[in-house]
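Here chain A shows up in two complexes: once beside chain B, once beside chain C.
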Partner chain A sequence: MKTDNVIYMLHCMTPVHVGAGQGVGAIDMPMIREKVTQWPYIPGSSIKGVHRDYFRNNAGLSSDAYVNIAFGKESSGSDTDGGAAGALVMSDARILVFPVASGHGTFAYVTCPLVLKRLHRDLKATHMDMPGIHNILDKVNLLQKTALVHEDSKLLFQAEGTNSGSSTDTLSLDEFKFEAEKNPEFTEWASSLAKQIFPEDDTISQTMLTERIVLVSDEAFQYFVTMCSEIVPRIRMDTNTKTVGQGALWNEEYLPAEAILYGIIWCDTSLSGKSSLKNQDENLLSKLPDQAFLQIGGNATVGKGRVRCNYIQRGAAK
Partner chain B sequence: MNVYLALSKGFGLESGRSDSPNLLNIIQSSQDTGSAKTRFYQDVIRQSKEKWASPLYQKGYKLRYDQMKEALVGSLSSNRIITLEMENVSPMVVGHGGVSVLETSLMLHRTYGVPYIPGSTLKGLTAQYCRRLLGVDNPLFQEGQPYYTALFGSTSNAGYIEFHDAWITPDSLASSLLLDVLTPHHQKYNSIRPDNKQNYADFAPRDDDDPVPIPFLAVRGQFRIMLTCPDHALPEDHAEQWLSIAQEILMHALEKEGVGGKTNAGYGIMRLKKGEG
Partner chain C sequence: MEHTIKIQPLDPLMIRDGRPFGKTAGARAHTLDTVTPGVVAGTLRSLLRQEILNKDISVSTNKKGSPVSQITVRGPLYTLGESVYFPMPQDVGFYEPDASDQGAVTFLRRPVEEKEHQDEMGFGFLGTGVTGLHEDKLWPVQMPVELLKPLKSPPAYISADLMIRWLCDELNEEQWSKKVDSWGSTKQSSSFIEAFPKEIRTHTAIDETTYTAKDKQLFSTESLVLPPDLSFIAKFKTPEWLELTKDINQLHSFGGKRRLAHFQELTSTDCSEDIWTCPDAILQAVEKQTVTQQTTYLRMVLATPAFFSKGWIPGWLDEHLESTDKLKLDHQEQCPPLVKLKLRWACVPHWNAVSGWSYGAKKPKAVRRMAPAGSVYFFEVLEGDPVEFVRKFWLQSMSDRDRRLAFFDKEDGYGLATWGIWTPQKSKEDTQ
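The block that comes next holds the complex of A and B.
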């Protein structure tokens, strides 16, 4: 089987709200989460929709024929034209690192072993590999109160250790303190990850990631992604009284700025084969740019949902 | 240092002194919470100033600040985006009424911990100014009428204009937080509710009751406002016109009415610093 595929990395520049309808708890408008893990994600349908829009609005990038074949085509209603499914398959965007406010270094990019295991499995499915993941997964047995950091970490401060008089590297995430360990395997992996998430020339972003990335236990990660999302109260003012209208206060939940997600795009060659495309269009995936700036989810007119999407063509991951 | 974290959870204030004020002892102190709060805010302001004044510390925020604009400019033609910088003339309190253990709150970015003006605030302000003032002269600007709907949308249509979050400029960041104070006089008198059948004999505003100063944080800085009109169904020249109308209304609203809370007391007034006037 031909396996053409691309990994995409989404970097949220502003908060993103892909909603899950009306909530019943304190949050009126929750964001969508995976049923089992309760981790936030962005459904493939959202990803595919904004990509279709992106290609349609950037006429120089592709033809109508490309958009129809890559993203599918509606039936025109006649018997002979039944429409077609798109040849590009876009997976859900899964969480890779979640930003949490930090006492030192402003904020941290938080991830956990379960995230790495899933990433590893997904990368394998695309015949890519990320060196170093093995080393971390094999060796790491994280305790609740410990965390792994990069050797250049900016999150650390000295706090009194368990032995009197000694001091240990400590980091504070949200309201919790962790004992930090500078780990060589984690350092190696985080450095290579930084190069894949951000473009080559954006070295400051790469450094920001390595200085702020931290691996915590699955349980701690679970707490952060469920309790530390961005909750924004919204109101509607009464036009005449300039006070909040009756019943017009609601809370919306957002994936915070700086969250990073990843997903896979592959090409179903059986569908792209019977195409009427010109030669240069034939490899559908090669039309993807190096980087795209997209708007995903709700509240576009108040600046939400701006993401940068980086595409890693097969073989580029090293 | 993350001011958002410091104000909501009280961490990141490692000043080295064991008696340094923190959220817990502000809540626990039975009397004189005012001066405990004042010291706490002073600590936050001092540390925030120290940190953000350093170019090295600023680097990451400055990068994101620039990238946000680059990304928008790169994906839209120049007719479809307007950028301007506005600065506070008076102190500004956006998000003043938010839930906080400190009584008053302040809108801060959840990740970077810096002050910002949410796009929804700017859009709401513009829409309100539009229907209340422009709507008087020209009914087309009233709620539900064509011009208003074009700019701000309705429940069935999105508006043409996108109001982005206004980020604080990296240069004005270090000195952006101010300690301010509000002092309610005659608290008893003001707490009288007509429907409450109590004995209000000693509730008169006699000027011999103690005023209670409540310290709070306000913001003074420069903010980059970005408006875009990406709708490809709308021709370029129309987009440009709608954008300039939105910009004009927004600037007037910021200059004359002010943004955020306490605008009746003069808070939140801004003026143009840089951009197309």
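The block that comes next holds the complex of A and C.
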């Protein structure tokens, strides 16, 4: 089957700040969030911009002609050259798992049923499948204070249950406790997800994910993504006095390191068909590497915004 | 062959209005409040154009008047879960609770037939008063006596089940208030959908040499945020020379900034044809009124914005506001009209400014004022068979042809109409 789309997975290696302008509250520089859900995301325009830069700086990977056809060409201003739209269309990067401090296991990769529903919808649109996701959506009906974990989870500890003498699997996220259940359907899905997000040889990252992933209710997830982002106070030093400049204290909000997002890249074949590219370049999506290290958002010079991007293509369900 | 397509947007959508968006610092690209039929029709034709290119059929695909540009598309309607939704009809008004605090106040907007009471009632507005152009033809409408504040966030879309009951003239003010109150507290009821919120994104252009924001290149874009499960439904008919080899099931960009949407063909097992067929309940209601009442009254509620050659008045009405021979479906040119209608009143909110982009001419289309979706036209049936008329004209385009040949409003699905019955309101003196 002809494939005209891929799913990309973004793994934040360092905190990421794609800003939403200046805030009016305690956070001076908030990160961008979805209008209705208030979940953090990365706009498709940012994803496309850094990909254009990636291909422009990797001359061995692509030509100028590829960059212009894949990402668009600005008009030169003359009547005969009106510019061209890019053939690659990139969706917003939506949140898939959000890291939250855990009492056991250091931190957890937290997700929720609504995230999985949106993922399922996007996978269906791209003709991709992810083993186990149907079972979770069909069978799981989470209560407010329960959570599903992988069978190899390192997040659990034993706490006294309501019946005297009994103990239950419990996990502690931020300041909240959840009753945990090792769920086979969730285990199947989380194992396949780990293989898709991380390269085949990166078993350490895969294990980190499966040992720490947890499915909580939508309401709990809402709390974590809105209240547990990374807030960094920043100052600016006066170069002469070596003290803090007047009024130069501000707070920045970051999507924490270890957050994982996903999105879709679609190739408009009607635009790529007009290309003057050589045969080997004709499938624009085939130029995407298996994985790319990109820098997204602000404050690159202080180590922010480094992400690992994996591309799942050709219906690649593992 | 006819195809019904479900369009599931995957990202917020930008449906551009006609305002310019160029290289000006601080410029903002605005979005309309809803998805216009032209965007749906244009996108579906782009999909078909790709099919033609793949099949290597020798047809001009990107020129004005090409066969592809005249493929008839109907839509969009909306679906959420299993239910179809229509734009909210404007002949019912919702107001903030009054002093008694009994919940939202509902007022049904209905013309009053008894002309002899009009002077006593003090009417003289909305085109039906002493100086109105059509005062001898239109009937006045009864309005709330007290000044009421419109409901802050009224429903914007109504489920097909409730709409059918409304078109059968079955709902009274109390039932409406209950429905709106139960929906308003949680927004979870399946009866309504609220207006789509808009998000604003701020963008900068990055200089590729310095990696800093380019000077004076800060701009913003506005998008519609749709509920996660909301889809659009549209229908089109392919000509004989273009039979699709397989069902449509793919991604395609939709609207401004090329946001992605999933296009999937609905099959007969999805009851796709039921969406476009007039419900039996409405036909029975029309029939019942025809048999039991002396006069039949039909209501036309627009499901999509309509272009009318006389502004808010359809071009198929003459100077007496009576329908002419133009009131017929395009493929029934030879047949006499099924009914003769006379306009008695209309609820038409502020016009929609609708534009578009012409890929053929490579320039924006002219901005035109259209009667918005949800507009309601009240007709009296003077002669003919209203049951057969409603059956045939259900969700058909009632738009007029634009004298400029650049527009294909009927083919694009502008002016799709649902039909129902209404009963003239009694004046207060009669009801006392």
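Worth a mention:
By definition in this document, the second predicted complex is superposed on the first by the 308 of 318 C-alpha atoms of A that agree within 3 Å, B and C clash if a C-alpha of one lies under 4 Å from a C-alpha of the other, contacts with A are read in each partner's own complex, and residues count from 1 in each chain.
We take it that contacts are C-beta pairs under 8 Å (C-beta built on N, C-alpha and C of every residue); 3 or more make two chains touch, one makes a residue touch a chain.
For clarity, every value in this text was computed on a predicted model and none was experimentally measured.
Residue contacts after overlaying the shared chain place A:Trp250 against neither chain B nor chain C. In the superposition on chain A, A:Lys304 makes contact with chain B only, not with chain C. Judged by the touch definition given at the top, the superposed model places A:Ile264 against chain C, while chain B stays out of reach. Of the two partner chains placed around the shared chain by superposition, chain C is the only one that A:Val89 touches, whereas chain B remains out of contact. Residue contacts after overlaying the shared chain place A:Ser205 against chain B, while chain C stays out of touching range. Of the two partner chains placed by superposition, only chain C is touched by A:Ser45; chain B is not. Looking at the shared chain after the overlay, A:Glu230 reaches chain B, while chain C stays out of its contact range.
Residues 300 of chain A touch chain B in one complex and chain C in the other.
Listed in rising order, the residues of chain A touching chain B in the complex are 13-15, 57, 99, 101-104, 106-107, 157, 172, 174-175, 204-205, 208, 230, 232-234, 236-237, 239, 242, 256-258, 293, 295, 299-304, 306, 308. Of all the residues in chain A, the ones that touch chain C in their complex are 4-5, 20-21, 32, 34-36, 43-45, 49, 53, 56, 82, 85, 89, 91-92, 114, 117-118, 121-122, 124-127, 264, 266, 268-270, 273, 300.
Listing the residues of chain C that touch chain A in their complex gives 8, 10-12, 46, 49-50, 53, 197-199, 201-203, 206, 208, 211, 225, 228, 249-253, 257-260, 262, 362.
By the touch criterion stated above, chain B contacts chain A in their complex at residues 1-2, 4-5, 9, 11-12, 14, 59-61, 63-64, 67-68, 71-72, 74-75, 98-99, 109-113, 118-120, 122-124, 128, 131-132, 143, 152-153, 158-159, 161-165, 226, 230, 232.
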